[in-house]
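Pasting the structures in now, so scroll down.
What follows is a pair of complexes built around chain A, which joins chain B in one and chain C in the other.
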Partner chain A sequence: MELTLLILCGGLAVITSLMVILARNTVHSALWMVASFFFMAVLYLLLRMEFIAILQIIVYAGAIMMFIIYAIMMLNLRQETADTEPVRKSKVVGLGMLVVLFFVLLVLGVGRGIEALKGPVTDQMMEKFGHVAVLSNFLFSDYLLPFEVVSILLTAGIVGSVFLAKKGKA
Partner chain B sequence: MIEFVTILLVKTLVVFGVSMLIVAYSTWFERKVLGHVQLRHGPMRVGFHGLLQPIADGIKGFFKEELVPENADKPVFILAPIISIAAALSLLVVIPFGDSVTIMGKEITLYLADLDIGILYVLGISTIGSYGCMLGGWSSGNKYGVLGGLRASAQMISYELPMALAVIGVVMVSGTLSLVGIVNAQAGLWNIVAQPLAFVIFIICGLAELNRTPFDMPEAEAELACGYNVEYSSMKFALFFMAEYAHMFVFAAMVTTLFLGGWHGPFLPGVVWFFIKTFAMIFFCIWERSTFPRCRYDQVMKLGWKVLLPAGFLNIFLTGLWMLVFSG
Partner chain C sequence: MMVDHQNIYLILSALLFVIGAAGAITRRNAIIVFMCIEIMLGAVNLVFLTFSRANQSVEGTFMVLFIMAVAAAEAAVGLAIFILMYRKAGSIDVDRFNIMKW
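And then the complex of A and B:
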């Protein structure tokens, strides 16, 4: 049952992700991305991570994609973008990166086995305390520093983008 | 196993049926209340005091002609109302209508699911529902529709944040994200007393998320000729309409659950209390609609970002301080 779901949703996540880059219409691309986020959320559910799954939907499928679609609608990119002259160099580089990434995944995932990627959170722990409690305990004790550093990084990103956007006007 | 499935199936059908009935009759209720506020009668012709009006409207919806505009984006145009209604109906799963009752020696809980993350589920799925408005407006290829869709998305983004912040205050007091847990935590003191600021923020943001006057920017009739659903006809329009009223029911149920003590109350059984409070909230939604004029668009945005968001942060800070001083 779980394996079937995993293969089904994993496969659908891959297909919808492919549709993101293959769709001609920008809004359609964004919608395929929302669908792909949903299948990713199901994958998190299969890992018994309810909390992460719902955050995936709230933050990515909800808020971030809403922003992206808003921007697309604002810029009125409705007409299908014409197929411009293919840029050969970037295509070659992209393909090369794809091959490299594929091998990295192959070595990490299949070569060393999935076991190597397991964190400290176990099923027993989550049944005893609940997902949110386990996660927040780790987040605010052992992993406090990385957690805070990430938030500083995000703030820096926001400040940077505001600066870049204001540069021309002020 | 069979028994479990049967009970779940029956419960699902009951919840679905009752909610659809409430959705249909809240349209009648709204027209009646609006009518009486404006010294009119409201619907009177179909049945006793217009009681059969929602059914007549439904039949009319089925028989009307379905139109798809020439320059519409057809798949998205069809998908948008489906997203709207599907999201609204999925929210019914977590509403705690009451405590458990014993029927034929079996203890049956009066909610479909008690998720560990119930309140986050509500916030997440209601965001997905607003894709319906956005995409419906965009795909119909009508300038009023696009403007309505743009406004819908901007409003959703702006008001979702303070709403979540208000909910965080409630979660801090209750110590759980499960809706059943939040109701149980209010057995002694309702959250409206413990979290008055959060209550006000939640109500204002909820009205904005519902696209109700004074925040009905996406469908402002006077400026946008009905906004995002301008090109929709027949059942597709009816689906948008049903989604809107289902959202109103869910919002009223959420206020009841989070702030008004859910099914708790003296003398009467829990379910009755739940519905009394929920209908009081639905009445409030209609009442304020007939009272306030529509805000200007920039005023709506300013209120969201400059007043409600800081107020939400303040509420979290004050709640934390309170907990530190009095119970820590």
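And then the complex of A and C:
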């Protein structure tokens, strides 16, 4: 059952990601991207990462895709969707290198486990407290500094985007 | 320490990463390049979560949380830059932006 769901959603995630880069229309690409994020969320759920799956849907499929669709709406892209240029040699070479990269990744990663200390998030704990409680327990103690740094980064992002998109500057 | 079907997750994420990289080098629309980078980030997140689950640790999960926060900040700034590019040159074709080329 789990294997069926994994192969189904994994295959659909690959197909929708392919459609993102193959679709001619930018809006269609963005909509395929939303579908791809949902299938990725299912994969995260299969790994028992409920909180991350929900965040994936809220942050990626909700917030980031809304940004992207707004940007597409504000920029009039209709006239430049057609790729009329001939295929360049550098692109062919690049794609060939990517195929090599894929097999390198397979050889390096598949079939191995990383030897690390077994961590504290056991299945018993997850069942007793739930994913959010276990994560927040660590986030607000051991990982407090990175958490605060991320909040500063997000503030800097807001200020930077307002500054960049301001009219009459630059 | 392995998860069930760990290899399938790893193959999937390698495939997704390569698809994202292929889109990033072949498409010329800056917004599509941006979305391809998001696909690559998603593939990396999948690897982090797989090994985080395999080792029952929180480190990988927190990496994914912080990657998501950085991606959100990146989306805000990046799309503002695209709007600026469009205002200056009337297009967001990445091949036309070679101002910084040496």
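Convention: the second predicted complex is superposed on the first by the 114 of 170 C-alpha atoms of A that agree within 3 Å, B and C clash if a C-alpha of one lies under 4 Å from a C-alpha of the other, contacts with A are read in each partner's own complex, and residues count from 1 in each chain.
Methods note: a residue touches a chain if its C-beta (ideal position, glycine included) is under 8 Å from a C-beta of that chain, and two chains touch if they have at least 3 such contacts.
Because the structure is predicted, anything quoted here is derived from the model rather than measured.
S.K.: Should A:V20 be classified as contacting the first partner (chain B), the second (chain C), both, or neither?
M.R.: second
S.K.: So, A:I7: does it touch chain B (first), chain C (second), both, or neither?
M.R.: second
S.K.: With both complexes overlaid on chain A, does A:L154 touch chain B (first), chain C (second), both or neither?
M.R.: Touch partner of A:L154: chain C, not chain B.
S.K.: Going by the contact rule stated at the top, is it chain B or chain C that touches a larger number of residues on chain A?
M.R.: Greater contact footprint in residues on chain A: C.
S.K.: Have a look at where A:V132 lands relative to chain B and chain C in the superposition and call it first, second, both or neither.
M.R.: Only chain B; A:V132 stays clear of chain C.
S.K.: Go through chain A and flag every residue that touches chain B in one model and chain C in the other.
M.R.: Looking at chain A, the two contact sets intersect at 55, 63, 67, 70, 74.
S.K.: Show me the residue ranges of chain A that touch chain C in the complex, using the header's touch definition.
M.R.: Counting only chain A, the residues touching chain C are 2-3, 6-7, 10, 13-14, 17-18, 20-21, 26, 29-30, 33, 36-37, 40, 43-44, 47-49, 52, 55-56, 59-60, 63-64, 67-68, 70-72, 74-75, 77, 80-81, 83, 91, 94-95, 98-99, 101-102, 105-106, 109-111, 113-123, 134-135, 138-139, 143, 146, 150, 153-154, 156-158, 160-162, 164-165, 170.
S.K.: Considering the complex alone, what residue numbers of chain A touch chain B?
M.R.: For chain A paired with chain B, touching residues are 25, 27-28, 31, 34, 50-51, 54-55, 57-58, 61-63, 66-67, 69-70, 73-74, 76, 78, 130-132.
S.K.: Using the touch rule from the top, collect the residues of chain C that touch chain A in their complex.
M.R.: 1-12, 14-23, 25-29, 31-32, 34-36, 38-39, 42, 45-47, 49-59, 61-62, 64-66, 68-77, 79-84, 86, 91-93
S.K.: In the complex of these two chains, what residues of chain B are touching chain A?
M.R.: Residues 73, 76, 115-117, 120-121, 123-125, 127-128, 130-131, 134-135, 138, 146, 149-150, 153-154, 156-157, 160, 177.
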